[in-house]
Structure formats: structure tokens, C-alpha cells
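In what follows, chain A forms one complex with chain B and a second complex with chain C.
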Partner chain A sequence: MSGSTAQVARAVLRRTTIHTYKNPAIIVPALAFPLVFLVAFAGGLSAVSSVPGFDFAAGYTAFQFVFVFLQMSAFGGIFSGYRLAEDFESGFARRLMVAAPQRLGLIIGYTLAGLVRFALIGVILWVLALATGMQVLGGVLDVLGIVALGALVSAACALWSIGLALRYRTVDIGSFMQTPIFVLLFIAPVYVPLVLLSGWIHSAASINPFTLLLDAARGFITGEPVKVIAAFAAALGILALMWVWATSQLRRAERAVG
Partner chain B sequence: MPGEPHLARQIALIAGRSVSRTFRQPELIIPVILFPLILLAVNAAGLSSVTQLPGFPTDRYINFAIVVCFIQGALFASITAGTELASDIQKGFLDRLALTPARRWAVLVGATFGGTSVAIVGTVIYLAIGLIFGVTISTGIPGAVLLVALSIYVALAFAGIGSWLAVRTGSPAAVQGMFPLIFVLFFLSTMNLPAEFIEKDWFRTIAQINPISFLIDGMRSLIITGWDLGELLPCIGVATAMIVLFYGLAARAMRQRVQRT
Partner chain C sequence: MGAEGIRVEGLEREFKGGIRAVDGIDLEVAPGEIYGFLGPNGAGKSTTVLMLVTLLPPTGGRATVAGFDVVKQGPQVRRMIGAALQEAALDDFLTGWEHMDLQGGLHGLSRKESRARGGELLERVGLVDAADRKVGGYSGGMKRRLDLALALIHRPRVLFLDEPTTGLDPQSRSALWGEVERLAREEGVTVFLTTQYLEEADVLAGRVGIIDRGRIVAEGTPSALKAEIGRVSLEAIPSRSEDRERLRAALAPFGKPAAHSPRGEAVRLSGGAEQLADVVRALDAARIEVAELQLHQPSLDDVFLEKTGRSLEGSDDSDAEAPEPAAA
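Our next item is the complex of A and B:
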């Protein structure tokens, strides 16, 4: 990364972080929704663990926590694109594009801002889950494995939404940023392991790359890692793809903005 | 008042405008109808194995889950209704309406009818898709008709919340911002499992006193149990209480707003 790219990225990151610090209400929905999902799924559906064939050593709360954590990572990332779209509507992003010597810094800055938000909400989520008795059978390295997968998901989703924001430059695209990710997350073994799914959802979940990430993260929390290399390879592959997408949309925005 | 149109005519006029305004914006309608269907597809498939739990009331999870669509559709439609009314307030339409002989109730019910009508369309679509995918209604055709009627009644009740929030805040963004709180109630209900299958005591207690659970259980009984007044009457009671309470609060808030302006 060249010096000026890093400078632009730092400036965007600093501005977005200060904005979040001054408007803590922005964080509330991003934190409230994962918590509601965790309570609703882990609390309300705990009887699912009694279904014949369900065997998850760390318990149903941990089983659901992993999904909610990755979901939070994804939506935390998507928010970066939404912020960029807002900045386009207010005219700030256009001025920034004109002023920035290296516009790649824009993509990096907004992605890093998403990762800061992911870290903040992630810590709160972990603390609350552990405080309410969630079991973690894995060690520190396993926990770091889950966090690393979450960070990759967050960055990939940030790049997806940033690409859309650069292409359409309006917040009206907000629901399109979320819906495909939402569908991808839920067409996975959310409530029960893959082996207990049947019919169309089993076929869809079997080819869904998010299933790989979910299985690996659930393996980490039980201290019995599975599909680790495949999951990280998939996450890095998606990240690279999203980087190509975001940078191609940056070039398009450059042509439009001038 | 001489020359004042009949109340039903007032509601019809305002409702007509609200409906045509809503249906001119497909971006407001499509997510309301599509999102509950996506969740139904995912939940019915993902949670189908819970029917293997001993004593689960049905052997097909879609029979259990379909009702959630109706309530979700009603909730989303109420957001639409509230947002539209708040936008009318913001643009001064309500102030202009206050200069006419129109009754407050007529304005409130009429202005939220666009959202309610989306819920009506949604209900018919959910039921049709449910039947195509094998939902069996134990109360037969009369039960299906009552199910649709109840669904519309519940949508009207939720629209009451939307109109109260709209008149109270006068801001579409504020209306949308309040709805996650109602969503929390939705998730802390019997939407995914019957109360007796919820293992966590604190969750079961909340679900059992949650008004949303009464709505869900009442409508669900028509599909799974049969004619059960013990489930149906509380459902109708809760919806009626919501209508009286929230439209009452909205009418009061509107009187205050009109006096201020």
C-alpha cells in the first residue's frame, strides 16, 4: 500500500470512527439484532438439541452463538457500504474522490471502519454470551480461529456493500446490500447440523460456502476443528472476489464522478 | 354537521388515496410479501426435524410455521402504514385534512389502509403458497376463511401501532426506528415452538404472557388443532384490545397535534 493510499484510508477510518463515537445510537441496532437472534434461537429453540441425531458437545447456546457471531460479522461489514452511500448522498464522498490522491484508500478505509465496528460489537457479544453461561470447549487458538473467520466475513461483506455503494451512490440500494447476504446466511445449517437437514435446504446448504465457515467455526468452539483449511480458503477466495468487485466499481465511480 | 359526508364515506375516500399511493410503490410492497415467504421457506425446511420431538402437535413443520407469515406480514405492513402516515404529517397533508370536516378516526383508519391492504394481499398469497406446499387446515374451508379474516383484523391492529407512532412522532424515520422493539416481542413468542416445548423457564414465561403469542396460537389452532375457543377468543381479544388502545392513543395524539398546529 503506497503512502498516500494509507493516508486516505486512515482519514476515512478516523472520520467514520469519530462519527460512530459521537453517535453511539448507530451501534445499537447492530448490537441489538444479534442479541435478539441469540436470545430467540439459543433460548427459544434449545429443545432442538433433543432432536434425535443432534450431537453438539458445547450445547445449543454455543451452536447458535457461532451463527449469530458470523451473522453479526456480515452485517457489521455491510454497514460500511451504507455509510459510503450516505456519504455519496451528502456529497462528501464525491469531494473525497476529487481530493484523494489514491482513491483505493477509500475502499480500504471504509473496510477497516467495518472491521473496527466488528471488533467492538464482537467483544460485547462474546462477553454477554460467556457471562450467561455459554460453554467454549476450545482453547485460545480455537477462539482466535472463530474471530479470524468473522473478520474475513466482515471484510468480504464490507467490500460487497462498498462495491454497490460505489456503483449506485444512493442509500436506496441498502436493502439490496442486505438481502442476498441474509438469504446466503439462512440457507445454511442454522438450527441443526447439515446431517439433520433434508430436502432442498440440504442440497442448497451443501453447496453454500457459508456452511463451510459455519462448520469450521462450530468445530473451533467445541475444540475439535474441522474443515479449517477449506473454510479459510473459501473465506479468502470470497474476499479476493469481493476486492475485485469493489475495485472495479471504484473505477466505474471514478468515470462517473470525474 | 350539515353537509358532512358519512363516516364510512370519509374512511373510503381517505383509504382510496392511501391504497393507490401504496400500490404505486412496488418497492414498499414486494419486501413485505417476499420476506415472510423467504423466512417460511428457510424455517420450514431448517426446523422440520423438530417434528420428531415426542408430542409435537403436527408432523409437518410448515403447518406450524405458516401462521408466522401472516403476523410478520401484518407487522411489516404496519411499518408501511405508519411510515406513510408520518410522511403525510411531515408534508402537511394531515394539517390540510384537519381543515375539512373529516373525523379523526376516519383519517387514522383511512390513512393506514394502504399498509393494511398490503397485508390483505400478502395473507391471500401466503395462504395460497402454503396450500400449494401442503399445508392442511384442520378446520377446512370455514377455518381458512376465518384465518384470512383474523389475519386482516390483526393487520389492522398492528396498523394502529403504526398510526400512533406516526402521529406521535410525525417522522417516518422515527416510526421505522421504533419497530425493532416490536420485533423483539415477535422473537420472544411461540413463533418457532409451542410454549410447552420451550425449555428455558424465563423464555417460556415471557412467551406465555407475550400478546404476540396469543395472536399466533389462536390463528395456529385453526390449522393444527381444530375449532378451539380457548385459543381463538384470547387471539380475538388481544387484537381488539390493540385496536382500541392504539387507535385511541393515535386519535388523542392527533387531537393534540391539531390543537398545536
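Our next item is the complex of A and C:
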């Protein structure tokens, strides 16, 4: 069928990829922030690994890398929604809405574009981390596990931000795309394991689904997977929830896009 | 009529605050027909187009495009239509070719098909030489022409052009008119053309509908509508602008006010062109020095004035069209 969901998604993905290729500066922040975090956290806070109770076989750089990787996945995904919001402001999204027979393809296309960015930046991040001596005690499957979790986080965050872009159709919503994710990421065992946290942050981190993902990914990098099923279930659940959110906002935009 | 063209029955769109941008319009456009949709800014033209291209749901009534319901069969409608809406929205980083690939891809064309069809269209709109350049460097006219070419890549049966020549130079405008006419004549494409330019509707459209304040106030062929008005109008331009009030008063006994240029005053001569001598005598008696005196055959603007009491040309209603939707 002409203009099927898959065809629309592919067209959108291709356009976004060309756009990124021609304007590589737009991925610089997405790459720079994780790198800065990695250097700052892994370097500046490496003494944390000497704290009694801190027991992470792969070392503090690997401990931090996992967080930075998942953080990059999240913010790389959010950028998809930002791009869509920009397209609404410029009027380009209206072109897409009127030309795309199956508009679900737009959501999928922008999400896939986020995954392409995730893959691109992820590869650079892994290469740099390994080149600077990060230890990975897990095998190939474990690394794939981390990457899979990152991809799910990236897709879920892309859908979150795409939903917001469809709802508000302005880049002014950009900060709101990031803030809840930022809070969720940092109310987790970022610098030290959960057992070393105390007070409200421990309570909050204990119920934060991102903690599950972080623990599982850190388990993968040490070659001792933990909470794998729970982490993937949580990630898939969030992804499904965000899909429902984004598609509901597409329906809303269809009623309002004018 | 209407199975493959456009059929609109009681179409309505109400916005926040109870503003009815489109207030129960009915119209039919036959396959292969060019239908001109005329009206001043804020009259409801663009809102109507947005509903017909499935960008905005109606709040009442029904419309089918190419035989498909715009509310219930959006995907089918979008497969059958091409649309060049106001302000061609293009990606400045993409070239003309890449836009063709994107637009073709959205409609399921392979890259090879998009390139073949795109090449044909770019040639037709005179953009082959610029097709490898980023669109950010295109002029307004080039963007409009590319927008038209993009709207045609999947060979739509119905083409919506929303004020396609606004801001274009006369040469680009004329080229675009030629292409639209050819599409309808040679390819049987149904064209729904909104415009503020009377000349555009007069030249292109087989039939026109005039919309004012969300309602269609007149519909028919341009010649039939003008024939309804029948009588000629007389326009006088005073040598001194301060004489305009007196000029208006002197002309008033000869007929109802008619559309006129910014410096002039005009009346539709109730007694026809034979009254010209009487008018000249009246102006002479009133000692009004006249720089120009012209007789005009009825125009579409006269039709608009007759139907609404206002002039279409230069009209700029402040009612914002398509404000924030109520049901959003």
C-alpha cells in the first residue's frame, strides 16, 4: 500500500539522518555532555570507590560509564521530540502531516532517528571509554544487554518528547521534555550503589525504575547480571506507556494541528 | 459530480470563543475542474482548505475528497491529494532533490521512482539547475514552485493550492498559472485554488465560490457572476485628493458605489454607459477637476461588493483565521 506506516517512517528517518549528516553540529551537545560527565564523575570522583561498602569489580570508571551511557541514551531520545517541535514551529511538520497517509509513521520515524543518533553517539562513547582504560568484565552478550537497555531508554524518551512536541507544537516545551527525565536519572544511585545512599534519596532511588535499569546494566558490565528480567520488563513497560502517550498526543494534534 | 472531485455539505468549523470560521458551506467541484475560492483574509478560505486536506477536523457537516470522507478516511484522502499550503514549509538543509525523495518516500515511492518523477516535475517548474542546492538559498518564488512540484510527486487526483502566488513576481505567477491550467486540462487533476487575487480566479477558475465571514455568498462561473451584475461602473480620480468627498457626493445620484482604486471613487451606473455625458456635466457643474475617468466592465470585485457590501481587493479583515481550536 502506498504511504504505509513503514514507508512514512523510513522517509522521515532518512530526512532526519540527512539533516544530521549535513549539520553534524547538532549532535555535538549530545556527545559533549556525556563525555564531560564521564570525565568529571569518573575522574573527579574516583576516590568514591574507596568508600567502605563500595564494591564494584569493574572499577569506578565502568560504574560511571553505565550511568553516562544510559543518560546519553535518554537525552539522545529527547532530542527527537525537540526536532519535531522545531518542525512544528517552522511549518515543516504540517507538510509531513498532510503528506503522510499513515501518520503513525511520523512517530516511528522520529523515534528511529533518535535510535540512529543513540547508536552513533553510543559507539563514540564506548570507543572513548575503552580507549581510556575502562574495564569491561562482561562478555559480548553482556555488552549487548547494556546496549539493548540503552536503546529501550532512548526509544522511551523519544516517545515521551515526541508526545510533548505533538501536544504543544513549540520548542518552548524543550525544557519540560528534559526536566522530568533529568530528575528521574539523578534520583538514582548515580555516584554510589544504592546501599550507600541514605535518607529520602535512598527511598526515592529504591522505587525509581531507572535504578533497576542502572543496576542491571552495571551487572552486565561486571559480567554478573542482576535484575535482568525486572529491568527489561520495566524498560518495555515504560516504552509501552510512552507509545500510548505519544500516539494519544498524535490523535490530539490531528484535531488541532490546523 | 463529486465522486472523484470534492463534495462539501454544511461544513462548519468553530474555534475557541465560539468563532465560526466556516459556517455551514456547501460546494461541489467536478473532477478536472479548477475551482477558485475567493475571499478576503479571515473569510474562512484557509480553514476550509485545512479541513479538506485533513489537517483540521470539521466541527459540523461533511466533506469528501476524491470520494473519501475527510474525517473517517483521512489516510485515503491524503493518498489522493497534493497540497501546497500558504508559506511553503521546506527544510533549509535539504536540496530540491532530497525534498523530492522525502515527499515521494512519504507516499511510498522508491528512490528511483521519486527521482524519475521528481526530475520531470523539477524540469516543469524550472528548478532542475537548482535541484542540487540547499533550499535555504532559494528565493520565495523558487520555494513556491518547488512546493507545487512536491505536491504533485505522487500524481494526486485533487490538488489544493492555498494562495499559491502570494508574494510571487509577475513572471513566476504567470508560470505557475500556466502549470495549474495544464494540470487540469491535460492530466484531469481537480484543483481547489484559494486566492485573494481576482485576476487569478478570473484567469484560471472554471467556477468560483466567494466566501465571506465563513459563508459562501456567491458561486458560479466568473462570466456568469459578472453578468449578474450587468451594468458598467464609472470610476473617477480627482486631480486634488481633497475633492474626493465632493466627488463621491456628485456621483451618488448615478448609482450604487462600486469597487474603485485607492485614489478614486466609483459608481455602478444605474442607467448604463449612456449616463456618461450626464456624469461629466454633473462634475463640471460641481467644479470638480477630474484627472481620470474610466468605464469598467463588471469584475469579480464588483460581484463581491454586490454580495457583501464590501470590496474584496485590499480588504483585510482583522478576524484571525484558524485561531486556536476549541476542542484541542
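Going forward, the second predicted complex is superposed on the first by the 254 of 258 C-alpha atoms of A that agree within 3 Å, B and C clash if a C-alpha of one lies under 4 Å from a C-alpha of the other, contacts with A are read in each partner's own complex, and residues count from 1 in each chain.
We take it that a residue touches a chain if its C-beta (ideal position, glycine included) is under 8 Å from a C-beta of that chain, and two chains touch if they have at least 3 such contacts.
All values reported here derive from a predicted model rather than from experimental measurement.
Legend: residue contacts after superposition of the two complexes on their common chain; A:94 is shown touching chain C, with no touch to chain B.
Of the two partner chains placed by the overlay, neither chain B nor chain C lies in contact with A:139. Using the contact criterion defined above for the overlaid structures, shared-chain residue A:237 touches neither chain B nor chain C, since it reaches no partner.
When the two complexes are overlaid on their common chain A, residue A:7 makes contact with chain C while staying clear of chain B.
In the superposition on chain A, contact of A:180 is made with neither chain B nor chain C. Judged by the touch definition given at the top, the superposed model places A:22 against chain C, while chain B stays out of reach.
Judged by the touch definition given at the top, the superposed model places A:40 against chain B, while chain C stays out of reach.
For chain A in complex with chain B, the residues that touch the partner chain are 29, 32-33, 36-37, 39-40, 43-48, 50-54, 175, 182-183, 186-187, 189-192, 196-201.
Residues 1-4, 7-8, 10-12, 14-15, 18-19, 22-23, 90-92, 94-102, 105, 252, 254-258 of chain A are the ones that touch chain C when the two sit in their complex. Put simply, chain C touches chain A in their complex at residues 47, 50, 53-57, 74-76, 78-79, 81, 83, 85, 87, 89-91, 93-94, 98, 101-109, 134, 150, 154, 322, 324-325, 327-328. By the touch criterion given at the top, residues 31, 38-39, 42, 45-50, 52-53, 180, 183-184, 187-188, 192-193, 197-200, 202-203, 207 of chain B touch chain A in their complex.
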